[in-house]
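Here subunit A shows up in two complexes: once beside subunit B, once beside subunit C.
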Partner chain A sequence: MMDKADFREILVILVKRWILIFLAIELVFFAVFGTNYLSLRNLQNILLTSTVVLLLATGQTFVIITGGIDLSVGFMVGFSGVICAKVMVSLQAAGISQSVAVSSGIAVALILGLLPGLINGLLVARLRVPPFIATFGMYGIAYGFAEIISNNVPIHNLPTLVSSIGHGYLIYWLPEKAFTFFKIPENLTRLELQNLVPIVPNVTVIAFIFVAIFAFILAKTRFGQHTYAIGGSVDAAERAGINVKRHLIKVYMISSFFASLAGVCYVLMFITGRAPAGSARLLDAVVAVVIGGASLYGGTGSIGGTIIGVLIIGVLQIGLVNLGVPTYNLYIAVGCILILAVLVDQFLPKLVHGKD
Partner chain B sequence: MKPLLEVRNITKRFGGLTAVDNMDMKIFPGEVVGLLGDNGAGKSTLIKVISGVYRANKGKIFFAGKETRIDNPMHALKIGIETIYQDLALAENLNVYSNIFLGREKLKRFLGLIKILDHDYMLAESRKVLDQLEIEVPSLKKQIRTLSGGQRQAVAISRSIYWDAKLLIMDEPTAALGVVEQKNVLNLIKTLSSQDIPVLIISHQLHDVFSVASRLVIMRRGKKIAERMTKETTTDEIVGLIVGSIPGDYHDVNTDTAKGSDVNRRHFASKSGKNHRPKQNQG
Partner chain C sequence: MKRIVIGLLCVCLLLSFVAGVSAKKLKFAFMPGIADPFYFTMEKGAQAMADKLGVELIVGEFPKAWGPEYQVPILKALVARGDIDLLFTAPTSTEALIPVLKEIYDSGIPVITVDTYLKDGDYSKPSNYSFPLSYIGTDNFLGGQVVAGAMAVLLGGKGKVFLENTNPDVSSVMGRENGFRAGIEIFPEMELVGVEYCLDLQETAAAQVSAALQKDPDIAGVFGVNVFSAQGAYQAIASAGLVGAVKIATWDATQTLIEALRKGEIDLILAQMPAEMGALCVEWGYKHLTEGAEVPKKIIPGFFVFTKDNVNDADAQQYIYK
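Presenting the complex of A and B:
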C-alpha cells in the first residue's frame, strides 16, 4: 500500500527529473513511429547536429548562472568561422602546408574569439551595461565584421585536411576485420568500405572534451562555486572578498570561447565559413540551458542539465526530419518546450515545499 | 581590563551636517553593549565608521590596544571587526557550509594536480562552529533560501566567528524576526559574550537590548549623552534619555525636543522596530 506522503514524494522525484523523462519519451516516440531511428548512424547524426548548440549552451550556462545572458554567441559562430576559414584559405594560397594552415586558422579563430567576450565582460562588469544590451550590441557587431571579413560571400576551397577532420570519426570498425582510430583502414574492398562502421564523429569528440573540462570546473572548483555565488547574490560575493568584476569578465570570455569553438566546428563540419552561420542556434542554446534547470535570474543550472536540454532539442530535430515533417515545426516545438520548462520551474518549488 | 575597542573624539560630517560629534566609546572583551538613540542620532554612522564604510573626519580608533586606521570594510574584516547587517549578505542559492566558507573555500588536490573544493572538510568545520555556538539548523547541506530569518542570521554569525571575529556589530538583529527567532538570536548573543566575544548591538527594541546588553550607550544628535549599566536603569529612563525629556550627562542638548518627544516616546514604547535608515547617513 502506498500512502499519500509516499505518492507525493515519488511525484516530486518524477517532476524533478522531468527533463530526463521527457527525453526518454521523445526517444520512444520516434523509435516507434520513425524509421531506423535508434540506429547507430541516426544517433550519431543527433550528436553531430547538436554539436554547435551544445558548445553555445555550455558557455551560455556559465553566463546564465551569474544572472546574465550572452546573445552575441549567435553571430560569434559566423565571426570565428569566417576568420578560421579566411586564415586557412589565405595560408594555403601562400603555399604553406595544410597542417600549418589548418592549425593556424583554428588558433587565430579561437584567440580572436576571446575578444568579443572580453568586451562584453568589460561592458557588463565595469561599465554596468545590462548584459542583454551589451551582448545584443556585440551580436550585430560580430555579424557586421564577419560579413566584412568574408566580403559578403561564403568562404570555400578550404584545405582538404579540413574535411578529413570534420567528416572523420574517432573509431572505424569493420566487424571481425579491422579496428582503427581516426583513419579509415587501408586496403579495403568496395564492399568492405560499405560495411565499415564509423563510431563517434571527431567534431563530437572535440566538443565533449571541452564540455567535460568546463563541467568539471563549474561543479568542482572554486571558480564554479564563485560563479554560483555571484548568481545568488552579488553583494554576498563581494563581501566574501570575491573579485566579482574580474570573475564576470572571465565568464563572458568563456562564453565567447565556446562560441568560437562552435564556429571552428562549423567550419570543420560544413567545410565553409559563412557569416550568418549559427545565428538560428542562439534560441536553441538559451532554451537548452533553461530546460536544463538554469534560472534566468541566476544562481542555478548545471552542465549536465544543459546537455540533456541540448539532446531534447537534437532528438526532436532529427526525429522530425526522420518522420518527414518540415523542420520549421521544430521552432514551434522548441518554443512550447521552453514555456513548459519555465512553468515546471515555477510550480516545482510549491510541490517540493508542500512536502515539508 | 583593557578595552578591545575604543573610539575617541570621533567626528563625522556630511557637508554641513555633523552626524557624529566628538564621540567616545569603549567596548570590553565579552561585553554586550547596546547603542541606542532615535533615528538620525548617529548610531549607524558611528558603526559605519568602526566597520570601515566611512572615514571619520576627526578622532582615533584603538583596537586591541593599538591605534588603528580602518580604511575600508575589508580592512575591518581583516582585523576582526564583523558587522552583521540586516540583509546578511548570504548567497541564498548556496548551502550553509558553502556560505560559511564563501570566498575562503577549502581546497584539496584531485589526481595530484587540480585543486577542487573539499566539501567534507568544510562540512565538518561548519558543524563544529555551529555546535560551539549551540546553533541548530535542519541540515548544513540545505540552501540558505530554505532557512528561516533567525537561522540565516545564525549562519552569518557563525561565519564571522569561524573566521575569527574579535568584535561583532549587529544592526537591528531582531527587527525582521518572529518571537521565537528573536529569542534564539538573543540567546546566541549571550553565548557569544560568554565566549568572550563582545557584541555591539543597535536596536530599537529596548526590551531586547535590556535582555542581553550589560551596558547601554545613548546617543542624541550625534553625541553621546549618557551611559548606563543595564542593571541600574529602567526603560523609562532610557526612553527619556533617547528622546530628550531627561537631560543627558555629558552634553546638554535638550532644548527643542519638547514638540517631538511624545511621538518619539510612543514610537519606542510600542517597539515598532522597523525604523527607516536615517537619511543623513546616506550621504
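Presenting the complex of A and C:
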C-alpha cells in the first residue's frame, strides 16, 4: 500500500509538470480524433502558426519576470512590419538589388524597433511610470505611427525574395532521390513535386535561433540572474549592487526587439506590411507566459515554460480547425487554462508544504 | 488496466475502419474569406451541389476578419489533414496567397479561386500564379459599371458621387472601383469626387463619408462597395440629415441590406450569385476529377439589380443571400 506521504509526493510531481502533461493530453486527443494530426506537415504548421506568439511571449517573459508587463508589443509587430515592408518597397523602386533591399528592410526594422523599448524602459525605470500605463501608451503611439507610415493601407508588391524566404524551408527531401538546402531541387516532375517533403520552415528556424539564445541568457548568465533578482525584490537587488534602472531598460528593449522580429517574420510569412498586424496576438503571448509558470508579481518564469505555453495554444488552435470545430471555442478553452494555471500557482506551495 | 488498453485499441481500430470506408468519397475543402452572409450563402450553394453529387464538403472556419493573417493559418491547418481532393477558396490578398496556394497545388491538390483571385485573375497564360484550375466569380469591373449606370439613372445623369471602398489590395473590390470609375466617366455631367478605404470597418466608413460630405455638401450619390462601407455611408448620411437627398448604392443582397432597401435607407443593391458560385466550384471540380473535364479559366455568373420597385417581387426573392 502507498502511504499518504508518497501519494502526496507523486501528486506534487504531477502538478508541477501539469502543463507538459496537459500538452501531451492535447496531442493524444487530436491524434485520435483528428485527421493526420501528427503528420510532419501539420506539426510544422503548428510551429509556423505559433511563430509570432512565440516571439512576443519570449520577450514578454523577461518583462514579466521583472514584475512588469509590456502591452506595446501588440502593435509593435505592425510598427516594425510596416517599416520593414516600406524600406523594401522603396529600395526596390529605386532599382536596388533584391537581396540588399530585403536585408536593409529587416535591419532598419530591427534597429528602429529598439526605440519604443528604450522609451518604455526609460519611462518605467527612470520616471517611475507604471509599466501598464507606459507600455499601453506606447501601444497607441506605435499603432498611430504604423498607420502614418503605411498611409492607412497595407503595403504590398514586396520583392519576390521575401516570399521565397518566408515560404521556404530549411531542407527539401525527395525520398531516395534528392536532398537540398533552402531551394527546391530543380527540374522536378509534377509527381516528384507532390512527393517532395519540405522540412522545417525558414521562419521557424529564425525564431528558434533567437529564442534559444535568449533562453540561454535567462537561464545561465548573470544577466538572467539579475532579471530574477529584480522580480523577487527591487530593494534586495539594489542592495546586492545591481543597477536596476539600467537593467530594466535593457529588459524592455529585449521585449521590443522580439516584437520587431515578430513583425519581420510577419512580413516574411504574409508578404504584406499591415499596421494592425499583431494586435490580436498580444493576449495570447501574455497567456502563454503565465501558463508557462511565470507569475505576474515577478520573480518566476522560464523560456522553456513559455514555449510549452505557446504550444498549448497553438496545438489547440490548429486542432480545432482539424476537427472542424469553430475556433471561438479556443477563447473559452484558453481562458479556462489560464485560470487553472494561476490556481495551480497559488495552491502548489500549500501542497508541497503539506498544509491542507 | 488491461481492459482499458484493449478497449482503446478497439476504438482506434473502429475509427481507422470508418476512415477507410469514407475515404472512397471525394472530399472538397472550402476556405471562405470572412464570416459574412455572402460566404455563408456560398457554402449553402456548394453544400447542396455536394449532396447531389455525393461529394463530402469540408468547410474551414470562417475567419473573423479579412486578411491573410486570419485566413492562412486556418487554410494551412485545413489542408494539412491530408485527405482533401480539391480546394476552392477566396484568397484574401492578391499577393500574399500566391505562395501559400502554390504550395498546396504542388502537394497535389487542385485549387479553384472563387469570388476573389490572385494578381489580375488571368490564369489563361503561363505565370507564377496561373496554377489554379479556374476563377469562378463575379466580373467586378462589369458590376461596377452596372452600378454606375444605375446610379446615373437614379440621379438623372448628373451630380457628384463618392465611392467608399474597403481594401486596396483585394481584387474584387478594386474591380468594382475601377468599373465604377469607368462607368461614371461615360456621363459628362457626373463627377467622382473622392474614394476612401475603410478596411471593412463600418465606423471608419461612417467617418470617411462624413468628412466627404463636409468637403462636398452637394454629393448626390454614394457607392459603398460592400455591407460595411454601405452601412457606414448610411450612418454618415443619416446623421447629416440627408436621407433621401443622397442616394446610396451598394453591393451584395444580404438580409440586412435588403431590409435597409425596404426601409428606404439605401436605394440600389447589386446582387451577386454566391450560392451559384459555390455550386459551380463543386460541379466543375467534380467533373474535373471524375471525367477529367477541362475547366474554363474564368467562369462568370450574372447579376441582379434590386431597387425599391422590385425588392418585393416574387421572382427576386431567390437572389437574397440566406
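Assume the second predicted complex is superposed on the first by the 353 of 356 C-alpha atoms of A that agree within 3 Å, B and C clash if a C-alpha of one lies under 4 Å from a C-alpha of the other, contacts with A are read in each partner's own complex, and residues count from 1 in each chain.
Here is the rule we go by: a contact is a pair of C-beta atoms (placed from the backbone, for glycine too) under 8 Å apart; a residue touches a chain by one contact, two chains touch by 3 or more.
Being a predicted model, the structure only gives us computed values, none of them experimental.
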Quiz item: Given the superposition on subunit A, are subunit B and subunit C in a clash or a fit?
Solution: fit
Exercise. State whether A:221 touches subunit B only (first), subunit C only (second), both chains, or neither.
Key: first
Exercise. Considering only touches as defined above, state whether A:287 meets subunit B (first), subunit C (second), both or neither.
Key: neither
Self-check item: Once both complexes are placed on the shared chain, angle at subunit A toward subunit B and subunit C, C-alpha, multiple of 10 degrees
Solution: 150
Self-check item: Most subunit A residues touched (candidates subunit B, subunit C)
Solution: C
Practice problem: Mind working out whether A:229 is in touch with subunit B, subunit C, both or neither, as first, second, both or neither? | Solution: first
Quiz item: Now for A:48: first (subunit B), second (subunit C), both, or neither, which partner does it touch?
Solution: second
Practice problem: Would you check which partner chain A:152 touches, where first means subunit B only, second means subunit C only, and both and neither mean what they say? | Solution: second
Quiz item: Which of the two partners, first being subunit B and second being subunit C, lies in contact with A:324: first, second, both, or neither?
Solution: second
Quiz item: Where does A:87 make contact in the superposed view: on subunit B (first), on subunit C (second), on both, or on neither?
Solution: neither
Quiz item: Tell me, in angstrom, the smallest C-alpha to C-alpha distance between subunit B and subunit C in the overlaid model?
Solution: 38
Quiz item: Shared contact residues on subunit A for subunit B and subunit C?
Solution: none
Quiz item: Of all residues in subunit A, which touch subunit B in the complex?
Solution: 220-222, 225-226, 228-229, 231-233, 235-237, 239-242, 299-300
Exercise. Write out the stretch or stretches of subunit A touching subunit C in their complex.
Key: 32, 34-36, 39, 41-42, 45, 48-49, 152-154, 156-158, 163-164, 166-167, 193-194, 196, 266, 269-272, 274, 277, 317-318, 320-322, 324, 326-327
Quiz prompt | In the complex with subunit A, residue positions of subunit C that touch it | solution = 11-12, 15, 19, 58-61, 67-69, 72-74, 76-78, 80-83, 93-96, 98-100, 103, 106-108, 167-169, 197, 199
Quiz item: Which residues of subunit B touch subunit A in the complex?
Solution: 73-74, 87, 89-94, 98-99, 102-105, 107, 110, 114-117
